[in-house]
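Heads up, there are several structures right after this.
Two complexes follow with chain A in common, the first pairing it with chain B and the second with chain C.
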Partner chain A sequence: MTDILRVRRREWTPDIRKRYALVAVLPAIALLAVFVIYPLVLLVIESSQDGFEVYGRVLSSGSGQKAIATTFTASLVATGIVVLVSSIIGWTIRTTRRRWVRALCWVCVLAPFWMGAVVKNYAIVLLISNKGVVNAGLRALGLDPVQMLYSTPAVVLGISYSLIPFGVLTINAVFQTIDLNLLRNAEVLGSTRSGSIFRVMVPLAGPGFIASGAIVFALSVGFYVTPVVLGGAKSPFLATLIQANILQYFDLPAAAALSVILLVVALLVMIVTIGLVGVGSVRRAMTRS
Partner chain B sequence: MTNDRETTMNDDHVLVLDAVAKSYAGVLALAPTSFAIEKGEFLTLLGPSGSGKSTLLKLIAGFETPTSGAILLRSLDISGLSPAQRQLGMVFQSYSLFPHLTVAKNIEYGLKRRKWSAERRRARVAEMLAIVKLEHRANALPAELSGGQQQRVAVARALAYDPDVLLMDEPLGALDRTLRLEMESEIKRIHGQLGTTFIYVTHDQQEAMHLSTRIAIMNNSQVVALGRPDDLFRNPPNVFTAEFFSDATTVAAEVDDRTRFRFEAGGDGSWAAPAGTAPGRYTFGIRPRAARLGIVEGAPVLRGTITSSMLFGDEVRLFIDADVVSGLRVVIPSRANTFAPGDRVDVSIPWEDAILLPNAPVTSRAFHAGATR
Partner chain C sequence: MAKLLDIVVRSLGRIALAAIVIVILAPVVVVLLISFSDQVRFAFPPGGFGWRQYQELFRDPVWMESIGLSLSLALPATFLAVAVALPVSLIAQRSKLPGRNLLQGTAVASIIIPTTALAVGLFTLYSRLGLTSTNLGLIVAQAVLALPIVLIGITTGLSKISRTPEFAAMTMGASLTRALLEITGRALLPAIVASAIMGFLHAFDEVVIVNFVGGPGQVTLPKAILDSVQNQTDPVITAAASLLMIGSALLMAVAAIVGRIASRRRRG
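Coming up: the complex of A and B.
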């Protein structure tokens, strides 16, 4: 009798109760606080020791301006390339009926994912250095070799190659939501193949392209190894400059200020994107990748 | 019974299938199929899943290319053309309305691809909206419409540019029963109003019967019967059609040299077969509404026990285990149902409502489609 009386009347739900949920996420919150939030706060404090004067200094210095310009133009171009290439690969994966084509696409896309950054970038060095495969080919054809290594395009190439997996994963998540019957129907209604892609697929995937581009851009501006290996001294990235400030000039406030700038830009890009296409598209793109 | 051979040999054909066949990696998906469709017909491809009806529709639409044979649209071979070049209309089961376009823009899509002037497009969209009775939803997005309304937009969009043939792939499959019946009359009305040739795919024989001027019944990758719904229903040309379309229970039977009919599994009686019935083995088909409880003079009789009954409002369906066949279904008016499970009954099947199919490999009558080789 008492047993029956003690039964709590609560509807059954499959999800975890609130107090257990809090306990479950606590370790993650703790990690975040110790390893992300605390250092970031330190960073901001470090960079603003003399008011915000150090920001003015890094922003007005020639090397600072050059690094900012290089970082953002190279990232923008790389983002464009990644979104375009990823869309083509992603659409092939979505539409092909041949399983081996799909499998091959995934292997090619994910291969750079499984390699270390240094391996990836030195592989590109082997291709484009003055004695590399490409220039050897040019020489064999009787053409003059081209200086490709240590240039911004080389950095763009390296970044694009590294970020294509992110591009394909995010864009594929969006393509999976598109009903292919819509495209079949567009063709029955008189569209050509490309017409149906541009009039139906592109408008439907539009927010996904923007969300994917934002993620790729935010990742791109923080690149460090690729600009060092492929760009050298001629194409300094913000991350390179930060490293130089720490290890060569021992100017920690400047390094901190540049880090904060990098962070704020990446954050702004994400906020603007969410404002543009809604949180749903961004979340879908991020959680599927 | 109509004379189909005569009607399909005239020159009013919109679409002709000439020994069209399809196989995937050597596996037959559609046996060579030939038939012709007249202008203004409502032809339904009816069959269970995997019978080849969707393959046939895809071949006509252009999503598949035939392995052999030809598809002629207005005497032009379209087998090698892309879907866009075929100028057909199509309604998919999932409607496939463009979610980013309004109702009006969806309907306008095919007109734009055909480079109609803005003025002509506006007039045609208004006309189509009126035909499907959705004038008030012109600027709504598909997501804001009910299932039935979306279905109507899909029909309006497919018919806007006045295609020679409208293809419909199980368009009512996603709707609930009430809405399905409502949409059936809508589709029938639109077909009557526009006079476009419709080719409709479904697995629901009720739907096929309600809508079609002719039905092609498909099984095992081929057309096994083709004819008017009432003919096929009352005189199915083969056992599959009798069971699948006429809902008949079939029993093995034979007719002897003195035209006496008896059930093969025994039973005690024999009856005079209709005049002119050749001796031989037959399949006897019993439609649920062709059977009578009690003895009818001259009609074959089965004796059995009622195992269960199921109420359908005005009618009751009785399940009877007879001596020569089990699971026999008989439908009688509810008010005449004085029976209970366990009762012994006599079931008579008057000759005029019975189905008698000779056990020869090939059939005759309404069926003249290809794929009989």
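Coming up: the complex of A and C.
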């Protein structure tokens, strides 16, 4: 009798059993651990072999300081541009009644995606190089050509151009949650159209702007192609300095130290943002839903 | 006064929008325009029009090889990314495994790791493992980059699928595996296809890691374009760029249509 009672009956559950679940996610754990987390740990190990001597060397060198200052300033300016432009496009998509305007806005969001990372920058080279389209236009008007390529503003333009689609998608996710009736109510109560945007929409979407801006900033500091192509091989950006350290000077510790600085800044920005607007806003911006 | 300000702000907004549209579309138009020019060296405005750039592109074995290499890396990378992402998404929503959300969150959050930093990290790792200049190393790296994109797509798709039909199948005697495969799996298929396409485009477009860990023989299409952009502005690039652009646009349209079919099926 007791033997029958002792038979363990597993309770029925609609969920996948834990042990199968664990087996199923093992490849993902392995991939992330070996090819994402471990490489980043290696960066820290590689850069701190002689204590923090490498960091001192990198941070005290003129090129290192200039690269850090330029990279973070350019990323900050680009983030501002992206959030502003994306809000204008996103809000137009959300509110316009004209279908062709909405379609045109979506084309603007998708066009940089279609081009891919390298082609985008190449197209900008064609536009702003000394023999490019803009200077051809200036010459046709009888004006002197302007040197635009291989400058920090060119890199800012390239980063902004690349991240506007991302900005629109993240900000759009926030705009979708805003009840347009609130703005109509504000107008009924005497607010102007632009007044309702600044006093109703902007405060409501505020956390979304911050979350979107943080992700855009974190992505923009890691840009590699844009500083190299639009800033030139000697542009004062972290990406170009890292490239030079690896491919020209074979100074892996310095490249690793600069990469750790990039990583830490990106992570700090995300942590501060989560602290400011909560993990929900950041998750919504990241998954765009 | 407030009215006047409103009119000024609104006109400024419209002018800004028009300027934004022009600036965003200008590069696309210029690339397409130059790709149909007959010039040997880049010049603007182009002198005449023709198919020269496309003929040169298809005549040059270097470009053809780079397209072949890109496909042979991006396709397995996409497959790997989907094979790894799908269980993560499924386990996060269909099991009580401790740490399931942490795993999914980590995989999604890996999108914000600065690519340059990850490239240097992988360069260090691959030097130790002897994976530099290998196709395997590049496939895995591209899969890692595509993983968050694929995972976001599949997770969003799965979260929109009701569990009720799954439960119904199980009350009628289907095993959990069968219910997951035949009910939820079928409903999820469009989302999987759409995310795979987006992941493929991301992997195909990858150039930073190739630049650091790829060997001299590993010139993918984006790498070939990057190399020739840095050396000179050969107008043949515009033909490669235009084809890349049209190909991505078509694939994205397919992904969007597949996604729409999925949502229609859910409603109907």
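Here, the second predicted complex is superposed on the first by the 261 of 289 C-alpha atoms of A that agree within 3 Å, B and C clash if a C-alpha of one lies under 4 Å from a C-alpha of the other, contacts with A are read in each partner's own complex, and residues count from 1 in each chain.
Basically, a residue touches a chain if its C-beta (ideal position, glycine included) is under 8 Å from a C-beta of that chain, and two chains touch if they have at least 3 such contacts.
No experiment lies behind these values; they were computed from the predicted model shown.
**Q** Is A:Leu149 contacted by the first partner chain B, the second partner chain C, both or neither?
**A** A:Leu149: touches no partner chain.
**Q** When the two structures are laid over each other on chain A, which of chain B and chain C touches more residues of chain A?
**A** Of chain B and chain C, more residues of chain A lie in contact with C.
**Q** Report for A:Ile81: first if it touches chain B alone, second if chain C alone, otherwise both or neither.
**A** Touch status of A:Ile81: no partner.
**Q** Applying the touch criterion given at the start, work out whether A:Ile164 contacts chain B, chain C, both or neither, answering first, second, both or neither.
**A** second
**Q** Give one of first, second, both or neither to describe whether A:Cys108 is in contact with chain B, with chain C, with both, or with none.
**A** A:Cys108 sits against chain C, while chain B stays out of touch.
**Q** May I ask you to decide whether A:Gly195 touches chain B, chain C, both, or neither, giving the answer as first, second, both or neither?
**A** Both chain B and chain C are touched by A:Gly195.
**Q** Can A:Arg184 be said to touch chain B (first), chain C (second), both, or neither?
**A** first
**Q** Mind working out whether A:Pro203 is in touch with chain B, chain C, both or neither, as first, second, both or neither?
**A** first
**Q** Across the two complexes, find the residues of chain A that touch chain B and also touch chain C.
**A** Common to the two interfaces on chain A: residues 192, 195.
**Q** What residues on chain C touch chain A, complex-wise?
**A** Within the complex, chain C touches chain A at residues 2-3, 5-6, 9-10, 13, 16-17, 20-21, 23-28, 30-31, 34, 42-45, 83-85, 87-88, 90-91, 94-98, 100, 103, 106-125, 128, 140-141, 143-144, 147, 152, 155-156, 159, 163, 166-167, 170, 176, 180, 201, 204-205, 207-208, 211-212, 222, 225-226, 229-230, 233, 237-238, 241, 244-246, 248-249, 252.
**Q** List the residues on chain A that touch chain B in their complex, please.
**A** Its residues touching chain B are 179, 181-182, 184-192, 195, 199-200, 203-204.
**Q** Would you mind writing out the residues of chain B in touch with chain A in their complex?
**A** Interface residues on chain B, with respect to chain A: 61-63, 82-84, 86-90, 92, 94, 96, 98-100, 109-110, 113-114, 157-158, 161.
**Q** If you look only at chain A, which of its residues touch chain C in the complex?
**A** 14-18, 21-22, 24-25, 27-29, 31-32, 34-36, 38-40, 42-43, 46, 85, 88-89, 92, 104-105, 107-108, 110-127, 129, 131-133, 136, 161, 164, 192-195, 215, 218-219, 221-225, 228-229, 233, 238-239, 242-243, 246, 252, 255-256, 259-260, 262-263, 266-267, 270, 286-289
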